[in-house]
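Input: one structure, supplied below.
First chain written, first letter: the chains are A, B, C, D, E, F, G and H, and each begins at residue 1.
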Amino acid sequence: MTGDDGGRPRPAERIVELGDFAKLDVDRMARTGVPEVVFAESKTVEQTFAALEGLRRANPSSPALATRCPQPVLEQAVRYFESDEVLVDEVARTLTVGPLPEPIGRVAVVCAGTSDLPVARECLATLAVLGVGAVSVTDVGVAGIARLFAQLDTLRASSCVIVVAGMEGALAGVVAGLVAPPVIGVPTSVGYGVSAGGLVAAAAMLASCSPGLVTVNVDNGFGAAAHAAKIVKTAYSMRTADGR
Amino acid sequence: MTGDDGGRPRPAERIVELGDFAKLDVDRMARTGVPEVVFAESKTVEQTFAALEGLRRANPSSPALATRCPQPVLEQAVRYFESDEVLVDEVARTLTVGPLPEPIGRVAVVCAGTSDLPVARECLATLAVLGVGAVSVTDVGVAGIARLFAQLDTLRASSCVIVVAGMEGALAGVVAGLVAPPVIGVPTSVGYGVSAGGLVAAAAMLASCSPGLVTVNVDNGFGAAAHAAKIVKTAYSMRTADGR
Amino acid sequence: MTGDDGGRPRPAERIVELGDFAKLDVDRMARTGVPEVVFAESKTVEQTFAALEGLRRANPSSPALATRCPQPVLEQAVRYFESDEVLVDEVARTLTVGPLPEPIGRVAVVCAGTSDLPVARECLATLAVLGVGAVSVTDVGVAGIARLFAQLDTLRASSCVIVVAGMEGALAGVVAGLVAPPVIGVPTSVGYGVSAGGLVAAAAMLASCSPGLVTVNVDNGFGAAAHAAKIVKTAYSMRTADGR
Amino acid sequence: MTGDDGGRPRPAERIVELGDFAKLDVDRMARTGVPEVVFAESKTVEQTFAALEGLRRANPSSPALATRCPQPVLEQAVRYFESDEVLVDEVARTLTVGPLPEPIGRVAVVCAGTSDLPVARECLATLAVLGVGAVSVTDVGVAGIARLFAQLDTLRASSCVIVVAGMEGALAGVVAGLVAPPVIGVPTSVGYGVSAGGLVAAAAMLASCSPGLVTVNVDNGFGAAAHAAKIVKTAYSMRTADGR
Amino acid sequence: MTGDDGGRPRPAERIVELGDFAKLDVDRMARTGVPEVVFAESKTVEQTFAALEGLRRANPSSPALATRCPQPVLEQAVRYFESDEVLVDEVARTLTVGPLPEPIGRVAVVCAGTSDLPVARECLATLAVLGVGAVSVTDVGVAGIARLFAQLDTLRASSCVIVVAGMEGALAGVVAGLVAPPVIGVPTSVGYGVSAGGLVAAAAMLASCSPGLVTVNVDNGFGAAAHAAKIVKTAYSMRTADGR
Amino acid sequence: MTGDDGGRPRPAERIVELGDFAKLDVDRMARTGVPEVVFAESKTVEQTFAALEGLRRANPSSPALATRCPQPVLEQAVRYFESDEVLVDEVARTLTVGPLPEPIGRVAVVCAGTSDLPVARECLATLAVLGVGAVSVTDVGVAGIARLFAQLDTLRASSCVIVVAGMEGALAGVVAGLVAPPVIGVPTSVGYGVSAGGLVAAAAMLASCSPGLVTVNVDNGFGAAAHAAKIVKTAYSMRTADGR
Amino acid sequence: MTGDDGGRPRPAERIVELGDFAKLDVDRMARTGVPEVVFAESKTVEQTFAALEGLRRANPSSPALATRCPQPVLEQAVRYFESDEVLVDEVARTLTVGPLPEPIGRVAVVCAGTSDLPVARECLATLAVLGVGAVSVTDVGVAGIARLFAQLDTLRASSCVIVVAGMEGALAGVVAGLVAPPVIGVPTSVGYGVSAGGLVAAAAMLASCSPGLVTVNVDNGFGAAAHAAKIVKTAYSMRTADGR
Amino acid sequence: MTGDDGGRPRPAERIVELGDFAKLDVDRMARTGVPEVVFAESKTVEQTFAALEGLRRANPSSPALATRCPQPVLEQAVRYFESDEVLVDEVARTLTVGPLPEPIGRVAVVCAGTSDLPVARECLATLAVLGVGAVSVTDVGVAGIARLFAQLDTLRASSCVIVVAGMEGALAGVVAGLVAPPVIGVPTSVGYGVSAGGLVAAAAMLASCSPGLVTVNVDNGFGAAAHAAKIVKTAYSMRTADGR
């Protein structure tokens, strides 16, 4: 047998070159369910705007998203893009350009403390771009666990639960032991001393004794939202397929 | 407002005490979608068998699973339990007692190398206990990437893809960049030198630039299967709910 | 002023030399509230027994304790010492020689999982030697948190709570957020992958957002019991002082 | 049996929501002996002041404390709050609002070097808010150990000793080998090279051969004070209970 | 036998002293095939310029290179040196003084993402100084692997392939599994959370299952280029030797 | 443009499936210059022999190599395979089956100490299978550097130098500062205390100030030999191409 | 026997209190051969000057030293102290107040690269304060090892050799293999990637196969000089004692 | 100037080759003051005995030492070598062959606990071979610091003090703050949890605030003894030189 993708016809993947610094993977949405997104932290304002425009041109009906935007990107965006196209979240440091799709499903984004809010907001901005509904629950860390119990119905009624927590990251395991939907832990870099940088929260989530808890990189709200969106879309595609 | 779960009637959770060494959480399946499972590595043969029997008694229609079974557990199980009840996988080191449910959905379990097989087999045994269908794809590591491309159709047709890989763990990110279903990476302890113990594979999966890849602890095939099962069950419950 | 302990008369501390391998600090109990204890792991059977006898001779009314005893120490102890003097705990790997004091106070020793039992038992054996009462609560890990809630009254009625937990160690922080007595976390080496060796549990306990949680070394049940005993004795000495 | 807190009537815990960014756990003092405290480092000035006011309103007779206050918080506090209500410690970076309770007991706060003073001062500010007496001993590191010996009487006369030390953190173990009250080590981030960030001091305190030494996170003066306060309060409540 | 280089006449190595701060190893090119290069990051502008001039004087027909140049070095260089002598790359932060040699061979410098460009540009500047030809391929990371496949012919036609990648560094192993020329991985410090600083990318490249992949330090574009140049020069010297 | 390999005809890669545990990448030699090799450490004797036979059948004129062979593999090999086909190196733990090719070029394999010999021998066995000539230099560590200087002519006359060293791994950087051919460092797991496991040697080689030194994983003699062979083959192919 | 220093009369150690922030250990020179020195990095200008004055007053015939001085300390020192008393080294960041003693012995301070100079200069300033002679050898790193060989006579004629090196720190082991005097390695924080912060250099020096090499903390030029001074003084005191 | 050792006549260093596995550096004693010593841990019995014989033959008047001897080496040595030549220390795991030199000077070897004895004994065996006198002080760890104070006179009367300590390694810094001779810390691998393997003890010794403390690798009693011997010999050679 041959290892190449062989006989099966596969549509060629489009690649859009931007100068000599980028090759946009504009069919990533079709291929993986999540579009290419601009990680703006180490890019110039010009590179970020060029990438967003390139993504918009290739897929005019979909919004384009930039995450981890430095302050200048957020400030200049409102002048550079059409005002009815652009959406800036200063806390999440996200920039969205283009019309948001109609949301399906509902993902609960749970946040352990006030300091974890920026990461939770990056989740929310990403879910909006991916067309998935969301509900936000904040400041329910384990030091005062009654706050979490008061929100359990909300979590149990969701298709997926994202838990954003820094320091020892215990909230993710506690939630995973209490609810039925798939739970994704997002460790954050909130902490100091042994927990500075978020590695302890990440390790604690990986080590959790609560079955089925999965984890993404520290502060990676985008990644958790992408996984959640895939879960919701898989469920909807199964429903649709079945419905026929 | 009050923080307690308050007015809403919640069914009391049953707890089954075994001697002074264990309290079985026998309603975990109802609460979280995944039953309590016996992690046998640091238990005596007697403790493991007692726990399996306790779980079976509390939920007679469901199978009970023990993972990471030491050799004596696997050997004595076939004599201790009814022969038509017990299922031993020597490679996965799993022990299943009781009738397996009819599977729903299909999860692809992809394995980078021959040495990663025990972890992949733990995934498969767990999926069977949780009532989720599975397909196994082995030895498609990135050193000979054509082997992976030959299997892409299989992966793309699944509800969820689990990628089991040690060493540098690159396969998980490559798969996540190629397919639409949610992808779960399971780093393994296969490796030596800098990658001994699997921490590099785990970190590489967390750090992957492929959006939506999530990770579990090193060698935690059970955990990946539990998350995959939650995804499949969520999808089915949404379909059912919708069907009404 | 002078830095030496100077004018104040201080009772000389007794030191008992054993061959050329040990100098017993036999007044440690009087000085610090905790006697010298034999860490038997890296000693020969002869050295361990000689040290226990030396401690007994210097303080005939107090018991002597050896922790982390290798199997030969435990086996030969019952023949070597008077049978009514010796107490062996095979699970805790402790050996006690001499009469136990009448206990005061009550410390709750809480254990996350069955695998953490040996460390909890080392706590209990140490508390007995130090003359402090104890109550044991096992298998109440956060994956099934209802098991913990059922025991809260017991914990709240204690003078001090010791929480023994491996893997992600979350139980310690959860308990510290729920009860008033001082809480001591004991991380254990139970775990695998990122949590192998117990360092993640230790770091998670140090990083906990629950105020007032303190931590000891991995598997150091003895150390936690020593701190708990100091707390109880301080309370009793204050009460006695006050009572006059 | 049922795992829920069940039949026993438990007073509902009050939760005070502040906008969409915080849920104050205002009954934490009643439940755990330590009130919710504002960790101001990653909050805006507005969020910090709002939280302090919320805590004050819910418990008017108790002071509210903010730790790790950025400079703007400390500067604006004296204008924002009533001048007879507010207490700022520039070295400790703490802000206290409201009347301090009458202190009980006495905790010794021992500091290895001048550079460790900010952490020791955070201990002292916290103890004041929690209503516990304190005595401060500074610059008695092990390089000139005679300085410590000159202070031993002070330490031995306390209900609890907190030792604040950076670099190799040896002072905590030395003190724990010399005095009877419970000893809490606070590693600090003072150091460079291998000891940068305080992790070596933390590990050395955990590894100490002096029995009963416990440890908190690096620079966590607040946490050590909270544990010390719980010890003192436990002792007083036992005395009171006994007095009846 | 004697261990000294003994009877064989060896030309004395020239050393050029600069004040009391440097000893230039000006015959390094003759000895090792790579000249001494100025690592400017921790030097003053004056030290950097003095070293470049010293290298130029000792070997007038060869260019001198400074890497990791702080901004002031790059800015002042164009005034300090003859304009037809100096070459500044702001992205690579390199400064070249003197005529570039005629290039031989062809090295492919492959870059995973836009953020890795500065390291790739340091490779290119170094190869130019060392007299080796190069072709640049950018933004072909594994999240959109089709972009890499479109460039395989270019890579396969090179004498050596350098792969520059941050985050999980998977691209290097994927390329090494696809092409015949020697492959050198350069991990970059691009990343966050677990991959901050580039150590995970470095470890992943070392751990790769693709045979023959070698690695240099994080961000060490210069080192990879030096190794590539040695490969090309070895090949040419063998060809020349053979041609006689 | 399209990202697929597109219009260019590419010969299909052959994949040979062995049961359900392996897919041999039998055209890896043609594609990358290094054949698939059996890493025997975590395979059964049967799996290892089956893989070697599969590789031999697919490429009858080439030898097949297994590395890291457990003792049973080495012992049973001499009976299982034809005696004139099989070559066992007990020190290197390698097993070669089939006729060795005529060697080209010359690689120097330099070994710091006697304890590093097994890794050096794995290099030599691999070079023999890949058809590359080699010369071995042993026990020339930096503690007695005169031993190295006596061998410099041998090193300078090679096409590539592999330096195998444990502990602080300094020999690799010293050699790279003295000779012109490309130098590959192989850190070994020889060492104890801070250097146990070889990570310090690996990091020291990556950090070396000698330009052009590259590194492979700890104990990866096979990988260093594979890179060296690619260097030699690239040189020869350039010579051949040029000769036409 | 008693553990106290007992019968032998010991002169009381003087302690000088400065406000509530410091207790000067002014007899440290008499007790240990090295005086208390002010680590100025985390002190205010006022605290540093007060400590220096306190040390000068207690021992008027000896100089006082401050290391790691922030820029303001260095700048204000020349105005604050008598101009004939003060000595500032901007590179070493040291401040010396008072007359330097006549030097005895000779210590060689060897520096691997230009970037390591500040640490070497701290050695030299400390040796001057401690009354020990010194000779400086710079920029003799192993990449051009001939530079070191040209200086061997100087090293061999010293009473002690201090080797200051960053990156992979190999120079210390190479020197220790070549000369008879005691060798002290000082790892520096010069480096990047895997060697950032100096931990690899420190570990490499600890792991060195050259017998008798000892190590101090990263960048701790002061500590190496203190040890070297103790060696020289011990030798002189033995000579003097013997001379009587 | 030229970098080679140049004009100065240097006696050729003798190298003795043993088969193809070792090159003995038999003039190391003359060059560095410490002879080549056989690290037996990873050598066969035959290799160890051959190396010892080679060293004896090259320097018949000096003893030869093997450290870290596996049990078979120690057992067979008494038969293999002349009985009046061989000296075995089972605790230290050392083997000495040949007549010990007359000792000069006196080094104190201080041991924190009974478990650290093997490392202290390796120090003592090495000092004997190097011809340096020694005094042993055991079991004086900081948990009972009075034991140390009782030995201070012994320490203060030595030319050098070696402190062997595991766990948190605090004893080394405490000693260095109390005595004038140079102090060398030897961290040991005694410990568990965070201090397993000895890395915390090593880091704590490097980080110590006591000036002049130097450190060697974990368990490296041989290295500490070698440094101490160099100190004593330097002092004696200075005295001798002066005496002329």
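Brief remarks on what is shown
Methods note: a residue touches a chain if its C-beta (ideal position, glycine included) is under 8 Å from a C-beta of that chain, and two chains touch if they have at least 3 such contacts.
Just so we're clear, the structure is a prediction, and the values are computed from it rather than from any experiment.
Shared contacts of chain D and chain H, meaning chains that touch the two of them, come down to C, G. In this assembly, the chain whose C-alpha centre lies farthest from chain G is B. Compared on C-beta pairs in contact, B-C and C-D come out with C-D as the pair having more. The pairing of chain C with chain H is characterised as different-residue: of all residue numbers used at this interface, under half are used by both copies.
Its C-alpha atoms fitted onto chain G, chain B is found rotated by 180°, rounded in steps of 5. Of the chain pairs listed in B-C, C-H or B-E, the one whose interface repeats that of D-H (more than half of its contact pairs identical by residue number) is B-E.
In this assembly, E is the chain whose CA centroid lies farthest from the centroid of chain C.
Note: centroid distance chain C to chain E, computed from Cα atoms, is 58 Å. Remark: chain A and chain G have CA centroids separated by 52 Å (rounded to whole angstrom). Rounded to whole angstrom, the centroid-to-centroid distance between chain E and chain F, based on C-alpha atoms, equals 24 Å. Residue positions of chain A touching 2 or more other chains, listed in rising order: 1-4, 6, 13, 15, 28, 143-144, 146-147, 150, 176-178, 193-195, 202, 206-207, 210-211, 217-218, 220. Interface residues of chain F, counted against chain B in their complex, comprise 13, 15, 20-23, 25, 28, 36, 39, 41-43, 47, 187, 189, 197-199, 202, 217-220.
Partner chain E is touched in their complex by these residues of chain F: 1-6, 8, 28, 31-34, 37, 105, 144, 146-147, 149-150, 152-153, 159-160, 176-184, 202, 206-207, 210-218, 220, 222-224, 226-227, 229-231, 233-236, 238-239, 242-243. Chain G contributes residues 114-115, 117, 136, 138-140, 143-144, 146-147, 150, 190, 192-196 to its touches with chain E in the complex.
Residues of chain C touching chain A in their complex: 112-113, 141-145, 167-170, 173-174, 176-178, 191, 193-195, 200-201, 203-211.
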